[in-house]
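What follows is chain A paired twice: with chain B in the first complex and chain C in the second.
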Partner chain A sequence: MSIIEVHELTFVYGRKTPFEVTSLQDVSMEVLEGEFLAVAGPTGSGKSTLAQHFNGLLRPTFGSVTVLGINTRDKRSAAGLWEKVGLVFQYPEVQLFGETVYEDIAFGPVNTGAGKEQVDRRVRQAMELVELDYHRFRDLSPLALSAGERRRAAIAGVLAIQPRILVLDEPTAGLDPAGRKRLLGQIKNLQRAFDCTIILVTHNMDDAARWADRIVLLDQGRLYRQGATREIFNKPEELLTIGLDLPFPSTLVHLLRGAGWSIEKTALTIDEAEALVLKARDAGFPSCSANPGHS
Partner chain B sequence: MMMDRTNNVLIRIKDLTHTYNPGEANQREGLRGVTADIYSGEFLAVIGANGSGKSTLARHLNALLLPGSGSVTVDGLDTSRDEHLWDIRRRVGMVFQNPDNQLVAALVEEDVVFGPENLGLDPAEIRRRVDRALAWMGLEELRHRAPHLLSGGQKQRLAVAGVLVMQPDCLVLDEPTAMLDPSGRKELMATIKRLCREEGVTVVLITHFMEEAVAADRIWIMHQGAIALEGTPREIFQQGSRLAAYNLELPGPAELAERLKRSGLELPPGILTVEELVQGLCP
Partner chain C sequence: MLDGITLGRYIPTGSVVHNLDPRAKIIAVMLLIISILAARQPITYMVITTFIILVIIAAKIPLTAVLRSLRLLWIVLLCGFIFQAFFTPGQALTTLGPLTITREGLLGAGEMLWRLANLITVASLLTYTTTPIKLTAGMEYLLSPLRRFKVPVHELTMMMTIALRFVPTLLEEAQIVMKAQQSRGASFTRGNLWRRAMSLVPLLVPLFAGAFRRAEELATAMEARCYRGGVNRTRMSELVVGRADQVAVTACGVLLIATVVLRFIQV
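After this line comes the complex of A and B, so read on.
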């Protein structure tokens, strides 16, 4: 069942000014309830603009966006979307403003009109989800945290609203590999444990391959492809033409196919790539059999 | 490429420490005794977890930060001496993660002219340098555009051009590709490598992308304010699981090669790229 429907969406920045730029053109796509969707595309493809339509922050110039049954053009109903659709911008930590981590994370729930106890419960839960220890961090200034901790505190602030849909725009930019894996693992858990629908805006294909159920690809403001993650990465040429990369496991499969291996489904993770190579070995490396190196 | 580099030191770092907010409640050790040399003409990658001291170290290389104790010298010039400041900043140029913070002018060309004009160079020389820097970064056709209308990759190339035009000996890049898409990343990395090889510019690249570090001559791993490991990419990435202790991971191909070897496959040592892995599997 779709939770967001985008129908022939066109968005023009600075309309009727000399700076008019069409950022999205005629985009139709959907987000399914409970899925982990990656929205990918090169810089300037319109990814972030599309993401800002999901909670009514931007409204279509033409076409329509329907979120949880609400048409975002309907200003009055769409105003309530902020409680249901959490939007985490790029470098969200620059928006931390509270004196303490607690105050910052509590801001959202306080504004939903929740009582003190309920606010407290939500803050604790949000901090637990991003693995920030409540007692250690609650009274610290956000400025005293490391880059990864600050990013997670900012995301906890959005989680504390308990949104049904979570939209994250390049949440891992600037994080180290361990921090990146940890954060995306936590986001995946949200999807599993709370049926939260996740929309990840990224140009990191390794992240998309590893975590997303489906991918929507944009190029120059238009919908380029949408489909299951494995289908998308099974057609390397389509990605390479628009300047995107394949994740490493799919690149390997692509090159091995070129070397004569017959591999039906592409690999998305290192685990899958490992299994695939070991299976080929057990079959005696059929395509490399002419070579004595693997006897 | 093996050469005797001992006579070839561009930047010498000796017992360098840096403390943030000394004497205050939130005092934090940024660097705890770093001693190392950066050689002229090399491509050095610095990797390490968030908070390991990479960016702090980078800012000491052109006197944006000054030593708490110890010293940093650039071509013999001590960064803690005021009279060397401008000479050091001209020799060691910095490029940061977010190019929006370092573009200053209304036109691409003006942004590149800004630095050399302030050096008081002769106009013909400025013109020559600006043309060359724009050509190097592939920005000639964009010279009359407004910087804020460029793509992320173009902006970052412009930021590099603005540093390059000063003809620095050393280019320090602090996660320059964090905001770029894959093709922007590849383009910038290729240009940086070419600058190092063809123009002899020393490059210090701070990065979280292991695939970028693989392209360097040498790698430092920073951990808790010190250099924990130093070596060529092959030496570093043969450490395998030891890297996890530094919050790092192997590049994908190295990780998979390691696992396959554990399952009994014969593969050549030191695999770092997907091409090398395919060659190992289909020799």
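After this line comes the complex of A and C, so read on.
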């Protein structure tokens, strides 16, 4: 069942000024309930603009966006959407303002009108989800944290609202590979544990391949492709033409296929790639006798 | 809320006006401002406004942008108009309760409205057609005689350059932080005055923190390039006065002289 429906969305920044820019054009897509969707595309393809339509921050210039049955054009009902659709901006740590980590994370839940006890419980839960120790961090100033911890504290501030849909705009920008994997693993857990719908905005195709069920590809403000992750990576040429990379395992398989190996499928993870390569070798193709160094 | 602010933003169109020397443009604008203030007869009003419209057309600035910048200040314009219209003694036209609109008041108000609108347009034309860097370079040159009186002209104009440079950056950042806090349920327009003031905390704290961070980064970057004050500093592109600049300044000068002469000849 689709939880967000985007119909022929066109969005123009600075309409009727000399700085007018069309950021999205005729985009139609949907988000299914409970899925992990990646919105991918090169820089300037309109990913972030699309993300801000999901909780009603931006309203369509033309077309419509329906979230949980609410048309975001309807100002009054769209005003409450922030409780249902959590939006984590790029570099969310710049929005930290509380004197303590606790105060900052509690900002969202307090705004929902929750009672003191419930706020307390939500803050604990959110901190647990992003693996920040409650007792150690609650009274620290956000400025005293490391960059990675600040990022996670800021994300906890959105998780504490307990939204049904979570939209993350490049949440791993500027993190090291270990931090990236850890953060996205936490988000995947969240999807499983709470039946959350996750929308991940990214241009990192390794992340998209590893975590997403489905991918929506944007290019220059237009919808380029949408489909299951495996389908998308099965056609590497399409990705390369709009300037996106393939994830490493798919590249490997793609290159081997180009070199004459008979591999039908694509691989999304290293383990899959390994299995495919071994299988192709065992099938005796290409003839390994050409290289006596290999057995 | 902060969307579409065009007041004073540079609009690149590459026109003749854009390519004028900034010093010439500053002087021309000064001359125009004095003309606007000195004008007294309807005929001069018309000539000056026509001249300004011609400059707008030559600069290829869309007329809508100019009107927009006027719209932002319409409250100021309206208040001025009302005060003038009501509180000038003279021949009464109509009365509204205890207030009387006078003929002199109405004429004076119209005059003031014209002056303000033209002043704003001329000033914004300067910033529409001149990059901040060129503008401050021109200012520095024109103010350089003040160095003799120990005025730190270079430092002052450098501060202006930096301030102008960061206006759009900070506006953009304010917009992002505002959206981020709105996504966590912040409302900047709800509640009484105290609550509204308090609701600005989640916006201002990150904004100030960001401004300080940027200032520090910029200082480091400047130091890394061995920047030190204005002594013997040269420019990447020297300012050159050309034929067009002379024409522009002369035209504005003639306009000013004509305005002043007319002011004293006719009554």
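Please note the rule applied: the second predicted complex is superposed on the first by the 283 of 295 C-alpha atoms of A that agree within 3 Å, B and C clash if a C-alpha of one lies under 4 Å from a C-alpha of the other, contacts with A are read in each partner's own complex, and residues count from 1 in each chain.
We adopt the following convention: a residue touches a chain if its C-beta (ideal position, glycine included) is under 8 Å from a C-beta of that chain, and two chains touch if they have at least 3 such contacts.
As the structure is a computational prediction, the values presented were derived from the model and not from experiment.
Asks: Touching A:A147 in the superposition: chain B (first), chain C (second), both, neither?
Replies: After superposition on chain A, A:A147 lies in contact with chain B alone.
Asks: Identify the partner contact of A:W82: answer first if only chain B is touched, second if only chain C is, both if each is, neither if none is.
Replies: After superposition on chain A, A:W82 lies in contact with chain C alone.
Asks: Looking at chain A, does chain C or chain B touch more of its residues?
Replies: After superposing on chain A, more of chain A is contacted by B.
Asks: Scan A:P42 for contacts with chain B and chain C and give back first, second, both or neither.
Replies: first
Asks: Mind working out whether A:E274 is in touch with chain B, chain C, both or neither, as first, second, both or neither?
Replies: Only chain B is touched by A:E274; chain C is not.
Asks: Which partner does A:A259 reach: the first (chain B), the second (chain C), both, or neither?
Replies: A:A259 sits against chain B, while chain C stays out of touch.
Asks: Does the superposition put A:P249 against chain B (first), chain C (second), both, or neither?
Replies: So A:P249 only meets chain B here.
Asks: With both complexes overlaid on chain A, does A:M205 touch chain B (first), chain C (second), both or neither?
Replies: first
Asks: Looking at A:A178, would you say it contacts chain B, chain C, both, or neither? Reply first, second, both or neither.
Replies: first
Asks: Which chain A residues contact chain B in one complex and chain C in the other?
Replies: Residues common to the chain A contacts of chain C and of chain B do not exist here, since the sets are disjoint.
Asks: In the complex, go through chain B and note every residue touching chain A.
Replies: 26, 48-51, 97, 151-153, 175, 178-184, 208, 210, 244, 247-249, 252-253, 255-256, 259-260, 263, 265-266, 274-275, 277-278, 281-283
Asks: Residues of chain A touching chain C in their complex?
Replies: The touching residues are 14-19, 52, 55, 57, 82-83, 86-87, 89, 92, 94-97, 107-108, 111-112, 157-158, 161.
Asks: Which of the residues in chain A come into contact with chain B in the complex?
Replies: 41-44, 90, 141, 144, 146-148, 170, 173-181, 203, 205-206, 243-245, 248-249, 251-252, 255-256, 259-261, 270, 273-274, 277-278, 281, 285, 287-288, 291, 293-294
Asks: Would you mind writing out the residues of chain C in touch with chain A in their complex?
Replies: 3-4, 6, 9, 11, 61-62, 64-65, 68, 173, 176-177, 179-186, 201-203, 205-206, 209-210
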